[in-house]
Amino acid sequence: MKFNGKNISLGKNVKLGKNVRIGDNTVIYDNVEIADNSIICNNCIIGEPTKDYYTNKNYKNPKTKIGINSLIRSHSIIYASVETGSNFSTGHRVIIREKSKFGDYCMIGTMSDIQGYVKFGNYCRLHSSVHICQHSEIGNFVFIYPFVVFTNDPHPPSTVWKGPKIGNFTQIAVSSIINSGVKVGNNCLVAANSFIKTNMPDFTVFAGSPAKNISDIRTIKSKQISGMHYPWMKNFRKGMPWEKIGFDKWQKKKGNG
Amino acid sequence: MKFNGKNISLGKNVKLGKNVRIGDNTVIYDNVEIADNSIICNNCIIGEPTKDYYTNKNYKNPKTKIGINSLIRSHSIIYASVETGSNFSTGHRVIIREKSKFGDYCMIGTMSDIQGYVKFGNYCRLHSSVHICQHSEIGNFVFIYPFVVFTNDPHPPSTVWKGPKIGNFTQIAVSSIINSGVKVGNNCLVAANSFIKTNMPDFTVFAGSPAKNISDIRTIKSKQISGMHYPWMKNFRKGMPWEKIGFDKWQKKKGNG
Amino acid sequence: MKFNGKNISLGKNVKLGKNVRIGDNTVIYDNVEIADNSIICNNCIIGEPTKDYYTNKNYKNPKTKIGINSLIRSHSIIYASVETGSNFSTGHRVIIREKSKFGDYCMIGTMSDIQGYVKFGNYCRLHSSVHICQHSEIGNFVFIYPFVVFTNDPHPPSTVWKGPKIGNFTQIAVSSIINSGVKVGNNCLVAANSFIKTNMPDFTVFAGSPAKNISDIRTIKSKQISGMHYPWMKNFRKGMPWEKIGFDKWQKKKGNG
């Protein structure tokens, strides 16, 4: 019952690719482009206009792009000017505000709240209820867990906004805070419930509030295999581009190794 | 204006009991059974299909059961294969994913997010914005407060998922984290803002991050009566099966005492 | 496509002021009054009845008032008996339960959850995902950031509910907890990730869990100007009544200085 063509509203200059399916009660505003094979479920809003819409008679909705093979689950709201890569997917009730850019294969969990003016790399996975502040910059293969919040204001309220910057392959566990302007390196682990106030070098584990460097990530024993768990890419393949051949081979193939 | 029969979609083999009321714009997918006197408010989705629905032509929606006298508030999404007991109720925008089972008289607060593959006993109460991970197991009379998160992955990301297990009569206060695989006993109190990384014996109070055993719950003085507050069942009756006769008499009557 | 008059439901005795616009699929229950120039976006519910509605045949919806120049963004739910001042605005999916009163120019962020029986002054700003418990009292110019939770039960569960009370010009940073019955003074700063268990005198900064008095707010150097950042009203003007003339002049003009 998702795809009956019931009560769908399409704005002007909406471009739908091949095999695109649109759920009931979904609204797509002007100048939205949805690429081939994508699915927009029920009750979504794509291309939600920004505040000017209410006050500026000459308001023109900026272009919005949803990449191929994407799946936007029900009740999600994606603002005008957002651009996603291919194979983008969301849970339910996701909010993605204006000027957000996503690479390929990103997953944004249920009720996550992307405040806009952010940049994501490829293969990022946000679990439910993650809050990403404006001006955040997030690398590739970054996983973020529930109730994590990124902040951008060193002394609230001010007008000196500076988002966090997160390196590749980094994991940020539940209920952690990443402070304004902090740089987290590649292959890091932010332990659950941490408050990150200082930069994190590559391969470090930080824990606590304020968080401290407690170990090298490569010293954490796996509960899954005999040996070390990190870099996690050797032990976790599901949905990753190295799913079939393993991380090492994939990396060599790509010429990164 | 909830129950005008407007824009309701019913799938195949939907069974509605006596006096069941369905709100406007609600969608009920195939093979859902809603027992007598239950109310499904506006804009809900009951029996939401899992991801296979989009890709498998032969997808068949599993059975979903909502118990008698239930109240599902607006905008809630309950996945196919969920089974609730009697007198189940939800706040608004609740999400309950697949393979979740609930006993009788459970209340799930607004925006709470049940990730699926979980089991709840009877008379559990989740306040708003609680996040319960997959493979959690929760006893009877367990109350959980806002922004609590259960986790199931000891070293994210891995494939060794193990949810927490919570005993009867336990209270888990706001913004706490229950770690993967942790067993919390009966009659425990998780203090607000705690990070539970080790098992909690019966009748203990844990606080801090990481949380430590700070006292016996039976030593906490009540602000409500002269004497001790816990076990709370002696001081709190509202909506409980001992509401009229008190906990002690109820327990004797049941033969538990 | 917000304002096509499509699938709007209006109850009895609904009063709409001049230039009020109502979005598609929005439901307005009995006895709601929306003042001039206000905008209610798509899929909102205004005047949501309380639980009695389901069981009491003689249920009468109490009066609900939305002040002039308000903007209620899509999917928000405002219960019957709520009263807002002028220029009230919400993000998406906000929930405001019964018996909540707001002064003028309040902004309530996306997914924030106001549990009812609360009182807000003027110019309060809640960011996304703030949880305000029943019986909270919040002054003027109070800003609250994501995942902050107010609690009202000293020993859960009990029946001795007492909400926090927050003074004017106070800032409460991300992921903090304000405990039951706590009084936070004027011009305070609750640092991120704090658990406030004791009263906070005026002009104090508290941090930690449990939080301690760590400094006088007037000693925090600004990253925005040379000099001190707080009281923030000297450094932050956007949307404030002193936007054009500055705080000092505004205060003198008002006779507060």
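By written order: A, B and C. Residues from 1 in each chain.
Keep in mind that, in the parts below, contacts are C-beta pairs under 8 Å (C-beta built on N, C-alpha and C of every residue); 3 or more make two chains touch, one makes a residue touch a chain.
Here the structure is a predicted model, which means the values were calculated and not measured.
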Inter-copy rotation, chain A to chain B, in degrees (Cα atoms; steps of 5): 120
Copy pair chain A, chain C: interface residue numbering same or different (half cut): different
Centroid spacing, where centroids are CA-atom means, of chain A and chain C in whole angstrom: 28
Multi-chain contact residues (two or more partners), chain A: 7, 25, 43, 75, 93, 111, 129, 147, 175, 209
In the complex with chain A, residue positions of chain C that touch it: 1, 4, 7, 24-25, 39, 42-43, 71, 74-75, 92-93, 110-111, 128-129, 143, 145-147, 171, 173-175, 192-193, 208-209, 220, 222-224, 229-230, 232, 235-236, 238
Residue ranges of chain C in contact with chain B within the complex: 7, 9, 11, 25, 27, 29, 43, 45, 48, 54, 75, 77, 93, 95, 111, 113, 115, 129, 131, 147, 149, 151, 154-160, 175, 177, 179, 195, 209
